Amino acid sequence: MIMRADGVTLGYGGRPVVHDVTLDITEGGVGLIGESGSGKTTLARAFLGLLRPMSGTIAFNGQDLRKVGMKAFRKAVQPVFQAESLDPRMSVARSIAEGSRDRAAVPALMEKVGLDPALAARRPHQLSGGQRQRVVIARALAVRPELLILDEPTSALDVTVQARILELLEGLEAERLLITHNLAVVERLCRTSHVLFAGRVVESGPTGELLRRPAHPYTLALRDAVPRLGGQPPVARGRTEAAPASEGCPFRLRCPLAVPECESAPEPREVAGRKVACHRAELVLSA
Amino acid sequence: MIGYLARRLGQALLVVAGVVTLTFVIMRLVPGDPAVAYAGPKATPEQLAAASRQFGLDEPLHVQLWNYVRDLVTGDWGTSLRTRQPVREDLFTAFPASLELVGAALILAIVVGIPVGVLAARHKARLPDLGVRLGSMLAVSVPVFWLALTLQTVFASHLGWFPVAGEYDASLDTTSPLTLWTNITIVDALITGNWPIFTSTLDHLVLPALVVAAYPAGVIAQMTRAALIEESGQEHVRLERALGFGETTILTRFALRPALNPVLSLIALVFAYSLVNGFLVEAVFNWPGLGRYAFNAITSADTPGIAGVTLLVAVVYVLVNLVVDLLQGVIDPRVRTR
Amino acid sequence: GGQVRGASQPPSAPATQPGASASTSAAPAAVNDKAFVYAPNLDVVTDWDPATSYSNENIAMQNIYESLTRYNAESQKPEPRLATEWSSADGGKEWTFKLREGVKFHSGNPVTAEAAKKAIERTMKLKSGAAYIWDAVKKIEAPDGGTLKFTLKYATPLDLVASSGYASYIYDTSVVEKVKDGTTDAGSGPYTIDTWAKGKETELTLKAFDDYWGGWKPGQYKKVAFRVTPELTTAWQLLKNGEVNFVQRLNPQLFAQAGATSGVQATRTPSFQNLMLLFNTESGPLKDVKVRQALQKVLDYDGLAAALEGAGVKGSGLVPQGLLGFTPGLEPKQDLKEAAELLAAADYGPDLNELKLSLTYAQGDADQQLMVTLLSSQLKKLNVTLQAKPMQWNAQWDLGKKKGQDIFVMYWFPDYADPYSWFVNVFRSADPVSFNLSYLRDEAIDKAIDALPQLTATDRAAAEQSYADLQKKIIEEKAAVAVPYVQTYQRALTAGVQGYVDNPAYPNVVSFYDLTLAG
Amino acid sequence: MTVVEPRRRLPMMPDRLAAFGAVLLVLIAASALFAPWLAPYEENDPKPLDKLLEPSSSHWFGTDHVGRDILTQILYGGRTSLAIAAAVLAVSALVGVTLGVVAGYAGGWIRDVIMRITDIFLAFPALLLSLALAVVLQPSVTTVILAIAVTWWPWYARLSASVAASVSTRSYVDAARCLGVPAPVIVWRHVLPNSITPVLVQLSLDAGGVILTAAALSYLGLGAHEPTAEWGLMVQQGQTLFTTNWWVVTFPGLAILVTAFAFNVLGEGLRSALDPRRTVIR
Amino acid sequence: MIRVRDLRVAYGDRVVAEVPELDVARGECVAIVGESGSGKSTTLLALLGLTEGARVSGEVSVCGVDVMKARPRALRAVRGAKAALVIQSPQAALSPTTRLGVLMRRALRLHGVGGGSDTSGKAARGIDEVMAQACEAVMLDPAILRRYPHEISGGQAQRFAIALAIALGAEVIMADEPTSALDVTVQAEVVGVLRELREERGLAVLLVSHDLALVSTIADRVLVMKDGVVVESGPARHVLRDPDHPYTRELLEALP
């Protein structure tokens, strides 16, 4: 366990968007899946120390982040954001060397991520999307981090490029927290996964298990809505037009299985080897 | 919404408090003893001392500031060193005159600026656009005093189309006296149905209002154009086109409303700005407004007068901005849910 | 509820149309029901109290209030106004004035010696504005209704004092406390307040006082209006349009144009106001009298006069023409050669040390600016750098009192038509400095100045001589001052106005009562 | 086969407009810079006997009330006016952008404090503030610069704060923070360069306004003064001559107009090339 | 419904889309797929004559109107009334200050649907009815018509755009990445609505997407574009099962 969020509530301007989340970053890759706006990036920013929790603690190597020496922490945990996270005015080499301040290491790093060192003098707009994403990865690797926090590293890329970047990520030795809404990517890169809905973790467990036999109706809907090549058209379960409910189970207004019991917020509990926050998890499992 | 309003009001009060303090500081910095200004150039030391006491200048600074704030709050804005009248009364005469002039000018600027901006956006990168852009740039570049003198000489003096100066024909004061309600001549004439004064005021307003309107009309046209062009680059315009709406309909019925918000902020700024900056025009056209009052106050080191104008304009600025905030909510529903 | 503007008439009262009343009027002679419109460049009234009023409002007050005497610039003597005759005794320390009979205040009360005594005593007690003019008075008595007797502490020409433009008014003390808001007045003059709207364009209107002792004839103006017009070009255009009748100050170009414009008449009169360059005689480079004398000779007086083109005329000495003590032959002259020699004697000049001088002058005054422009360009050729700072009066004066400049430029004019004002205020040593801004300190001069009032009151010829000597001493010997020009008033009136006389003792005052409109 | 051609655009739009403004400005600046060589007469050399001569072949723009050649004075006056504009913009941009970028990056209470101060200066009637300052400091060119800069910086503070705030939310700023780059370096290296473009555009739009304001201050006798040649001062001195000697006020007035116009054209051109929306008033 | 021959769209000297042949029949669903910047959207816009500033050549006929030759007025009559566009980002595609109902009403008036352009009470009632029915067809609560765009969800916005097409009686729906901004669960719903309309009303659908998997589930025929050129086209089944072009193959292989 490298990092841990314990009962963390996060928000902007006093308005919470992530509620009471407890989550460990363990070995083998951790995935974070969820609807757009469910708070994935917000959580990632908290793990990076860019956002203070409104309550709860974030720990790094068992120590509260507020007490950890920032210098060491900064070297240990690095983000990989989308390709837009390059300063448009800085050359590739300057960007990569920004953290390490070691220009000499740049060519080696570029080769490591599959970039031609001849591109070192270029600026981001002179690169393709895939190349830019590699620069972002190289910049993070330059400080030899223990943990990479990857926020949708491939979602802006074409599928063909995406595949190559995933290969690169697989080969890295650092631990990772991966955020994506692409289930196939999580399956490939993460041993455990957490599903976020409306700022709450609704289900967590081993990735394979989770996707094969979801225990939460949202995970189920998510899985079933993914179109498969040549398969049946994806099915919509429940009414998607309803906004997340404020009290009780956040998913209940969209849940096809909702019962009056769902008016009260479900506590996370252990079901079939994973943690689920749903009153009707058993029913979902059997579906 | 209520919370938002309360916060904005709080900020506004803070700003006014800041202006009061800043004003006070500047008042103390202006060289030359106010007491000397009041007592006159050949005053005796006793007269000076008396004047000092009268203005409380013998107190320590923080006490003076405290007294100043207390007086302001209780409605005592001091006595002008120059006119020897209560500043509040002076402002009560000068402000409506400026309001009338600036109001007329802004109406003119809006009535001209917005359609012209729409025209330019409608024919973007073509001849009407170039014309509007060059025209509006000329309008914002022309030195006001020069424009005022030129218009006055040409249209009033040589051609005789408009009166040379003044707010209305003073002889009407005896033939059809005006009952004052708001102290704004043209408004009072309108609500009391005093047509001779109303038409006379309108006639007298044309030239000065034109001059004051030049700059606002220019920036409003530029801003309307820019905002419209940006808005028409928005994705929704593509949908409206795809629905078969014509370009002009799209600009005026769909794009204009969201584009009006920056224009509205601009109008608020221009309004506050024109209140004082019109003083050159006011001088040329004998318009006894706030700008001229401010200018006279400054050049005669009339500190209470300066402070009064400053405060009034600051309050107006803050109020106008509040109103604009509310209006923006009406115009653009997105603002409401901020 | 609303209030009515132009409150002299209730809204329901039948309005008198201009022109209409002329035809219905019984009088066959041209009854003048037009208002005479005066276009001042500043607000008119700041202080309605005749005791303390000390600024622009005299252009109205001189027509509302009257003094015992009035100065006649032509004869250079006071002439009767409320007083019909007067005499002095005891070497100028006792004065007796006989009052005009049958004069009434606008309040209806008669103007008696007792009333005049009370008025002057109130003015003296308030000690504000120009009240100092009565400083010599020890005691006032009113032995009978028509006689006013002054006993003085020291000899002074009280007939001149009584003609002062300020603080000399005889007013009705029983109503004077009510004049503040400008609806009533306490005067006895030909006009009385009609309306007053501070801050408005037409700030003040006056109407005829029907019971005026001089009586009223057809053709005289019975209404007067003051229309505040800060911009000269605007005023000129209003005048050309016939919308105003009088513009107090034109520039030379407009004056020339006025002369050539039909419907406009132009008049020009030298004033009692002259410009002085006061040299710092106490410290700095001008402490050296040679440098001061050089400066006196640097300025291109004729060029300046040409550039001013009638806005000012070269004067002679400190006393303007029309006042006692005017001394011909003191005209300043440019002499660059001599100036260079004098400077060289003090080790300054093109091949010697650079001289840096600071000068302060009035902000916004075009004529002073002109003078500075010429002076600085002349000085540059002599390796003298002039740092000229335009300042507001208060700031300039503050600095002057601290002796902070080398040259102090200012206008001076007397409150009443007596040259004594220049000498006692500007050149008599004083501590602390008030207007003695050349910081001249000379006992002989002080003594001569102190003797002036008595001489004036008793022996005008001796006074004349003493003024001439003093001027020579101050200008030539001490070189404390240069006097480049005396201002000239260039005014314009609409044609058809008759009877206008410019009296420099009362600057900018138009005596409306004397005007008539030609048929 | 049918071909639909794109609609014709005017050749001048919009980047050429900026170029046009730039060329105009270079001409104006050059004529001010080379005034000693271009001017037909000596600077500030009054000849009272030649006063108020009409425009002629020996005095193209005529002479003023003390007999100085107006063309010469305009050429030299350009130096003052342009220098004032440059200095005002430099000072206010320096102050405004520094405060604005700090506010935009820091956010929270720092931003609140800076923005409230900015608001106060904005609410303070600009001209009054300039005038008051000009009175306090005594008229001079430096005073004009300070007096205008005092009212001008809040605009840049506001503008750059909003741009910097949005730049600060970009992920490359977050990335830099995660790399342990100190805050001042982040501001200097990332936030400032990426926020500066709109400010630059605004600067060129504003230059015209500064010249007009400086002219107005001089015109009121609170700015440049004799013997410094300055356009506003020239207009002020010639103003009462407008009906009798039109050239004295008209040519300096035109000089102000053309220069302000050139700056505006440049700014407008830049703006439409870079960002169509932003306008701040002077 | 749609017939395209030798369409070429160029910005300046750069040809950004070249489509030799594209036909969409009634009730048919044709999809254009390809990587970002390959000219998919451009093609779609060219069909409605909405490519401003571009040089367009070729033959384009939509619902019987020759788009290239038609006068602006005739072209405007086709837009919306016959061929409706559904755009990628749902909220941004709606004017932020216009209530949904107002937009729909204005569009209906413009095309004289539901009582023509006269503003009598009867016509208004006619319009109301049309609007209510259209909402029902896409399973939207008509109350939503009183809302502003920012007050509705992305899925609702996309369904509203489709409702607009239905209300106007459009025969073709052109959808430019109608679901890429949506959550997969919401995407499924929008796709469902499109399918239903096609089956029940015989609407022709031209779909642009980069999601091969999604396309494979609803399209009858597929065009694959790369760098502005159509590299492969044909029945969906065929193209996706054994692609001819290496690029298509690469696309398919990259799919998880």
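Should a chain be cited, it is by its letter among A, B, C, D and E, assigned in written order, with residues numbered from 1 in that chain.
Just so we're on the same page, a residue touches a chain if its C-beta (ideal position, glycine included) is under 8 Å from a C-beta of that chain, and two chains touch if they have at least 3 such contacts.
Everything numeric in this text was worked out from a predicted model, so none of it was measured.
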Set of chains adjacent to subunit B and to subunit D: C, E
Centroid comparison with subunit E (C-alpha atoms), farthest chain: C
Chain whose mean Cα position lies farthest from subunit A: C
Chain whose Cα centroid lies nearest the overall Cα centroid: B
Centre-of-Cα separation between subunit E and subunit D, whole angstrom: 49
Centroid distance [mean C-alpha coordinates] between subunit C and subunit A, Å: 88
Mean-CA-position distance for subunit D and subunit C (Å): 44
Residues within subunit E bordering two or more other chains: none
Interface hub residues of subunit B, defined as touching at least two other chains: 31, 149, 153, 157, 299, 301
Every chain pair meeting the contact rule: A-D, A-E, B-C, B-D, B-E, C-D, D-E
List of subunit C residues in touch with subunit D within their complex: 231-233, 236-237, 251, 253-254, 256-257, 300, 303-304, 306-307, 363-364, 366, 369-370, 372-374, 376-377, 388-392, 395
Residue ranges of subunit A in contact with subunit E within the complex: 35-36, 129, 158-160, 162-163, 181-182, 184-185, 187-188, 221-222, 224-237, 240-241, 243
Residue ranges of subunit E in contact with subunit D within the complex: 6, 49, 52-59, 66, 68-69
Subunit A-touching residues of subunit D, taken from the complex the two chains share: 170-172, 174-181, 189-190, 193-194
Residues of subunit D defined as touching subunit E within the complex: 1-7
